[in-house]
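These notes open a run of structures that come right after.
There are two complexes below, and they share subunit A, which is joined by subunit B in the first and by subunit C in the second.
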Partner chain A sequence: MGETKQGFNLFKAFADYDRRIIHATMMIVMIIFLLLPLKLPLIVSEQTNKYYNILNNIKPGDKVLFVFDCEPSGFQELRSGIIATMRMLLEREAKIAVIIGVPESIALPGIVIDTLQEIWTRKGYEYGKNYVYLGYAWANDASVSASATNWQSAIRKDYYGDPITNTFLKDVNDWKDWALICDFPTAHFYSSIINHYALRGTPLIMNCIGVMIALIRPQVDIGTVKAYLGSTRGGAELEYVLGTYGPGLQSMNAFSVLHYVTIGFVIIGNIGYFMYTKKNQRG
Partner chain B sequence: MAELLKSREFNLAVMIIFFCLTFFPYFLSIPGYDVEKNISSKVQLIVGLITPFTVILAIYSQYRRGFNAFNKRQRGWWLKVYMLFCIASMLIFYVVWGKLSGPYYWVTLAVISPLSTINYGVIFFYMASTTARAFKARNLKALLLLVAGFIVFMDQAPLTGLYTTIFNPVAVFLNDTLVGSVTRTFTICSTIGGLVYGVRVLLGLETGAMGVTEKKEA
Partner chain C sequence: MVNINELSVVVFGSFIAMCMLSTLYGKGNPLYSFAEESYIGFGTALSAIVAYDNIQKVGVAGVQAGDYILVFGLLLGIITMTRMFPKYSYLSRLPLSISIGSGLGLGLRTSVFTGLINQVNVTLYDLFNGTSQVLMVRWVITISLLCMLTFFIYTIEIKGPLKYTAMIGEYCMYIAFGVIFAQTFMGRLSLFVGYVQDNMIPPWKMPYFFGAMVLVLIIVIILDKTGWRERLTPED
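And now, the complex of A and B:
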């Protein structure tokens, strides 16, 4: 009737492309670059260097609290940092108490321990003597507070129901007895650790998810948090410094390329906006 | 007795007494009175012991809602059934075989962990498509946002730093000044808001915190 057949307009396509095109492109690019065995170098940030130096200063026998403060949803983002941090602590022969701050993460330490099985065996780590698993012992702010001032009355048993008096934790009385706390938060539970441990003086380092970096940064500036690893990239940087190829470095290629692809889509969208949408608006 | 326990005055009095016992000794440092070991720690432990009981209420609530959804065949009712099945499995595995058993770990690793990871990972696609479609230089403000986003994005991509460092100082500046100051403002505002709310509770102006609702005058 009155309709005119229009040809393919590239700028129109740029202006209103379907979001499924973005999703599909992202998915394909991600899979390709996750499967490619490229080991590209990384620039290591100042924060990661600081984090590494703190871990590197741990002496054999120092007591370290290793806090799984992450839900399984955020665990994949922190996985590289958690494994790399645990690797360093094992290599430094620290005494490690693994504690849970989020009930869903009760099985996550097993994944980390399985990944680093070779080092646990090589270093001769013995349960009770060198490490303890406390399970979901930090249920809320109250339990963190109580353990900071009177550990023995707040946490009496480990995850397996055995008294902690049979472990290296028998010597722990309060916050002063910890050489370091390594926290891996995906939510706001970390504030309890800051309030009851870090503000009293226990050194605290963190590997947090990306959206939390802006919240953690002021804590680093004022010194309550000594250093942090930012998201997967921080974990990958630590892996790079350690010379180990783990889940962080494996994801960095896809991580980089997906940033560029997103920028590419933004540029395409803007070309479409100026060459088609805006011209049509002017009439 | 029940009326007394539910009364606004009684709840307020209890709150003020515990506030005074915890707050003032913290600053006054009374010899022989360790605030953390005596009052604060005990009250917080009581809270810690009471809290897990709410989980029972949550499970009850989920089953009630789930059965309602099933009976009415609401949209996605089968997802509710799946969720209730998983809750029941976890409870049974825990009660029968214990928390150290393989089945209990299996539900955690094979159901909870992958599903919540997917739930979180899907956000990436929404973020990417929203960024790509919404970042248009429609006016000066949008252009500034676009340029800032471009610089931060380029800097965040690990490969960029290997070839050029021109984005890094600007990205660091944007993060340290704009993002940092906004985050601090937000934190300070929420802290002040919390303090004001606490004072209002102690003055009896926020009765909701005590579980007491004001009776409206006719």
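And now, the complex of A and C:
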């Protein structure tokens, strides 16, 4: 009827293309760059160096609390940092107590232990003597507070239901007995650890998800958190410093290129907006 | 050699994850609903089991060890269950109020330091000593803080110099929002890359990953084109 056939308008295409094109492009680019054996440059931040130095100062036999404060949905983001941190603690021959802050994460320590099986075996780690798995022992703020002041009455049994008095934890009484706490948060539970341990003086380091960097950074400034790794990127930097090629460094190619792709889509969308959508709104 | 346990995790995990990602098709579909509700069911069941286990290890084991004060905790826990009986549900407010009160007390006692006093101390402190980089960071933080605070003055009309500091504060906030958004994006991308990486490396996982991807895509397209998608997708 009154319709006229218009030619192809590039700016219109930029303004209202199907968003599934973005999803498909991201997926394809990611798969390609995960498979390509490229090694794009990586700069190690000051925070990662601090994090590394703190771990490097751990002496054999020091007691370290390793807190899986992450939900399974956020585990992939922290996996590289968790594995690299655990690797360093094992190499330093620390005594490790693994604790869970989220009920759904009960199986996550098993994944990390499986990945580092070679070091556990090489270093002769024995359950009870060198490491303990406590399961979901920190259910809320009150339980963290209780364990900071009277560990023996707050946590009596390990994940398997055996008394902790049969393990190296028999010597732990309060917050002073821990040489370090390594926390891996995806939610707000970390504040309990800051409030009841770090504020009292137990050194605390974190590998947090990207969303939480803005929350953790002020805690680093005031010294309650000694150092932090930000997201997968932080984990990859720690792997780089350690000289191990783990999941973090493995993903950095795809990770970097996907950021460029995203910037490209943002530029395309803005060109479409200013050259087509906004012009039509005025017209 | 891949064992059957690991294989089943990869096959089922890839399929369920692809079902979840099928939401990117742009339309609701039964595979997405299946994956979403499975996750809710799994999460709820696991939380219930872990909570039961926790009662055993902390509460019951504590009482057995002679820590009789924990009996009150267990009793309060049982009283919470009265929510299921409308006639006595008012009783459940008691453990809830104790829990909220103790949580607030524990949190506020220390949050004052971590969230306010110590933050003010490091922000408005030592602005003249340190390397040029440190000083620059401190000055930027201090100036942006003061400007942002003037933006939130509501008791007087913002005019004169305050108008400009409030404007600078507003732009500082826009920059901060941009940074937070970028960090959020980086985090979400890390999750996505981590997930795909976990399902593609080592290479024996790849056929199952791509197989699940193609299978789910074909099923969703067929359901969409035949009209079964709408019929089979449960309503919210």
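A few points about this structure:
The criterion applied here is as follows: the second predicted complex is superposed on the first by the 281 of 283 C-alpha atoms of A that agree within 3 Å, B and C clash if a C-alpha of one lies under 4 Å from a C-alpha of the other, contacts with A are read in each partner's own complex, and residues count from 1 in each chain.
One rule holds in what follows: contacts are C-beta pairs under 8 Å (C-beta built on N, C-alpha and C of every residue); 3 or more make two chains touch, one makes a residue touch a chain.
These numbers come from a predicted model, not from an experiment.
In the superposition on chain A, contact of A:Phe255 is made with both subunit B and subunit C. When the two structures are aligned on the shared chain, A:Gly269 is found in touch with subunit B, with no touch to subunit C.
By the touch criterion stated above, A:His188 is placed in contact with neither subunit B nor subunit C. Residue contacts after overlaying the shared chain place A:Ala142 against subunit B and subunit C alike. Of the two partner chains placed by superposition, subunit B and subunit C are both touched by A:Arg233. Judged by the touch definition given at the top, the superposed model places A:Pro41 against subunit B, while subunit C stays out of reach.
After overlaying the two complexes on the shared chain, residue contacts for A:Lys157 are found with subunit C alone; subunit B is out of touch. Using the contact criterion defined above for the overlaid structures, shared-chain residue A:Gly74 touches subunit B and also reaches subunit C. By the touch criterion stated above, A:Leu199 is placed in contact with subunit C alone, subunit B being left untouched.
Touched by subunit B in one complex and by subunit C in the other are residues 19, 23, 26-27, 73-74, 76-77, 104, 106, 135, 139-143, 145, 154, 214, 218, 221, 233, 255, 258-259, 262 of subunit A.
In the complex of the two chains, the subunit A residues touching subunit C come out as 19-20, 23, 26-27, 30-31, 34-35, 73-74, 76-77, 79-80, 103-104, 106, 135-137, 139-143, 145, 153-157, 161, 191, 194-196, 199, 209-211, 213-214, 218-219, 221-224, 230-233, 247, 250-251, 254-255, 258-259, 262. Within the complex formed with subunit B, the residues of subunit A that make contact are 19, 22-23, 26-27, 40-43, 71-77, 104, 106-108, 110-111, 135, 139-143, 145-146, 149-150, 154, 159-160, 214-215, 217-218, 221, 233, 236, 252, 255-260, 262-263, 265-266, 268-270, 273-274. Note for the complex: subunit C touches subunit A at residues 24-26, 43, 46-47, 50-51, 53-54, 56-58, 61-62, 65, 67, 102-103, 106-107, 109-111, 113-114, 118-119, 121-122, 176, 179-180, 183-198, 200-201. Those residues of subunit B whose C-beta lies close enough to touch subunit A in the complex are 36-37, 40-41, 43-45, 47-48, 51-52, 99-100, 105, 108-109, 112-114, 116-117, 119-121, 124-125, 128-129, 131-133, 135-138, 146, 149-150, 153-154, 156-162, 175-176, 179-180, 182-184, 187.
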